[in-house]
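Letters are used for the chains, namely A, B, C and D, taken in the order the chains are written, and counting of residues starts over at 1 for each.
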Amino acid sequence: MKNFQELKKQAYQANMQLPALGLVLFTFGNVSAADQQDRVFAIKPSGVPYDQLREADMVIVDFDGNVVEGSLRPSSDTKTHAVLYSHWPEISGIVHTHSTYATSWAQAQLDIPIFGTTHADHLTSDIPCAPPMSDEMIEGNYEHETGHQILSHFSQHNLDYREVEMVLVGNHAPFTWGKSAEKAVYNSAVLESVAKMALLTRQINPAAPRLKDALIRKHFERKHGPDSYYGQ
Amino acid sequence: MKNFQELKKQAYQANMQLPALGLVLFTFGNVSAADQQDRVFAIKPSGVPYDQLREADMVIVDFDGNVVEGSLRPSSDTKTHAVLYSHWPEISGIVHTHSTYATSWAQAQLDIPIFGTTHADHLTSDIPCAPPMSDEMIEGNYEHETGHQILSHFSQHNLDYREVEMVLVGNHAPFTWGKSAEKAVYNSAVLESVAKMALLTRQINPAAPRLKDALIRKHFERKHGPDSYYGQ
Amino acid sequence: MKNFQELKKQAYQANMQLPALGLVLFTFGNVSAADQQDRVFAIKPSGVPYDQLREADMVIVDFDGNVVEGSLRPSSDTKTHAVLYSHWPEISGIVHTHSTYATSWAQAQLDIPIFGTTHADHLTSDIPCAPPMSDEMIEGNYEHETGHQILSHFSQHNLDYREVEMVLVGNHAPFTWGKSAEKAVYNSAVLESVAKMALLTRQINPAAPRLKDALIRKHFERKHGPDSYYGQ
Amino acid sequence: MKNFQELKKQAYQANMQLPALGLVLFTFGNVSAADQQDRVFAIKPSGVPYDQLREADMVIVDFDGNVVEGSLRPSSDTKTHAVLYSHWPEISGIVHTHSTYATSWAQAQLDIPIFGTTHADHLTSDIPCAPPMSDEMIEGNYEHETGHQILSHFSQHNLDYREVEMVLVGNHAPFTWGKSAEKAVYNSAVLESVAKMALLTRQINPAAPRLKDALIRKHFERKHGPDSYYGQ
């Protein structure tokens, strides 16, 4: 059995990055950190203000969404995290925010077009927006179904969760993920920045073209390809 | 007779949250904290800069708008607060700001459409914009009439002040309220965030649809319904 | 002869408010504080970064624009200040900034329409935009002529500088003034806020109407009329 | 042989200005400081977060792009810096950022029109946007070719790099330069401010005219001409 303390520490530190990066108002966000081998994750408790949050408050939950350890109720979005972790074995961190620009694209129910290299440094496709859920899904096990809505959108559009580490849920808000909780938070900040610049780009030039394919490939590969030369 | 000190403390602390949350420039805002049993409230003195404000400066006013205790003149909007408290027995806090995005919607004289779950987490309808007042109301007892303009707009549109805790006054600016001064401040920050995202949503997609009914009900009920499961 | 030290102190403190209020980038702004009896003013030296500025650096200049005391060169906009002080005997402070939203309206060469009470609390008319100067004025004594461009625009449009304490100079940027340097800085911050909200109002509702006359009179008079009841 | 320590210090201090001025998110930017006589420059190492960056981490590179001293890998944009230094003998500092507004104009693939004196204080022409590179250039020695794309755009449009110290690379982001790393950072902040105001100007008035020639000449000359009178 792995040490929950390490997961709680990762989840706590990643959660505290959200207000520092300007990605949340009050309690409108949550981060989890998972152990894929033991199929558990640590997640923020529901509705606790960031300035009162303590590492010990993190709740340990299994991949079926059951609380394993912790006295507080976990985030109301816990089941969405559980569904994504159980279907996507290579991620160990998930973030949900209502960050201003990404949420506005989600409310607009549009993919964020790839307009520049800032976007291409992180993913080679538009940032997908899953459609709002059907009434049955909403009235059923809502947060569980939110996870499945994301999964089926990725499946229908042949998107690989290891390459596209972010999604907008139509009418709702973004989710991001990654190999660690820290990476998932990084992706949320990148998404917010790309979402703002995509709106501004359209406002400056409504006919702005998408990025050309050669640039998409080049920028992604210099950061992520087998011959990447970004970073140390 | 209740201790005024506690009301002053609540009003002072809530007032100091306005600049911390970026909701006011200079003195353009005020918060009050009420005791519905004794029909009095503590409110910010008029025109005093936040960085010079002291708890002892809060003015105690009754529900007819008369000063009960305090050496400074109360906020120029005091009579609006008095009217709302005397007609709405379940609120104990009111906030008035000229926050940028909410005020711009008020100047545009339009309701803020419900576009997403951030909005639905707090109320199930569009955020109402009361029309500008008639010339007689303006030239009469202006701040008193502002309160009545809000009351009659809620009455005409069958809005329940316990469910819709915010309003825009056309050409003017927002008022929010709640069970406490702290909750009313929270609502002001939520309103500003929702107001900004609604504008951005329209800019991204002028044809963006309103939130579907099932999602409106679901999000509001998970935070506020009898089976709510948000928070501790 | 009045003590220059007091003028320097006022000018210094008011200048330091500009970066604190987010109204300037680098050295793009200046404030002066005048003594109308002795016909001199203290002004920021040209091109000195705010974080290196000292009270002793303020330059004393007379109303003809000649340096009276100080080892540094005064702001390049000094002659504009001198012209306004010498023609408008009731002002003792002037501010020039390139603040983002006010400057954008100046570049757009449009008056800022009065859309709401935030605006009406401070002035009853649109915020005037003087047209760009003629080529002769520009190629002549440029900063001196900038002052005259403002004076003649106020004269042609029957504007009273004691009621309208701000102007946009077309293609350039705003100037504000008041009974003190501190009040002039206050007006610059109000202008920037009103300028931003006017743009947002138009974006939300391109057909947004101007504020009705009764509200314009009411809000201005409660702050500035003989029976004003705002402040202490 | 010149002391590398001084170059590293200049590069380090200039790099640390980028987050302080709000011009970068995470590691999305880099500054170099060059010695034109010895044909070397100090540049930020690739992918190192600003809050962990130390002066000793700066990498010394020659004008052919070869590392001369340093244990870390230099910025992935190093070759672009090398090309510009080797062709433009009067610059000793270069900055690359993905700042929000400048990058949005680059993504829109449009020059930034000269709308006001804030712009004219720094350059007399529109801010040029070089077109996206050809597929061959992208698939070849990409960062090297980025430098040549800038050089050839300046050459084709008869732009003088000593007068126009900034460029947008279409679909990518801005580069700025100057006589020192500090001046190049200053230019990046000016560019971001001018880029934001140009968009706002168009939003306020889609028919806003460019700045008239007499004002362009006047403002540039009062800061940069032989009879300049701005600064000390």
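Basically, a residue touches a chain if its C-beta (ideal position, glycine included) is under 8 Å from a C-beta of that chain, and two chains touch if they have at least 3 such contacts.
Computed from a prediction, not measured in an experiment: that's the story for all the values here.
Contacts with subunit A and subunit D are shared by no chain at all.
Residues touching across the subunit C-subunit D interface largely differ between the two copies, under half of the numbers being common to both.
Averaged C-alpha coordinates put the centre of subunit B at 46 Å from the centre of subunit D. Remark: subunit A and subunit B have CA centroids separated by 33 Å (rounded to whole angstrom). Shown for subunit A are the residues in touch with two or more other chains, namely 203. Chain contact topology: the protein chains form a single closed ring, every chain touching exactly two others.
Chain pairs that touch one another are A-B, A-D, B-C, C-D. In the complex of the two chains, the subunit B residues touching subunit A come out as 115-118, 186, 189-190, 193, 196-198, 200-201, 203-205, 208-209, 211-212, 214-215, 218, 222, 229-232. Of all the residues in subunit C, the ones that touch subunit D in their complex are 25-26, 28, 45-48, 72-73, 76, 98, 100-101, 103-110, 132-133, 135, 138-139, 142, 171-173, 199, 202-203.
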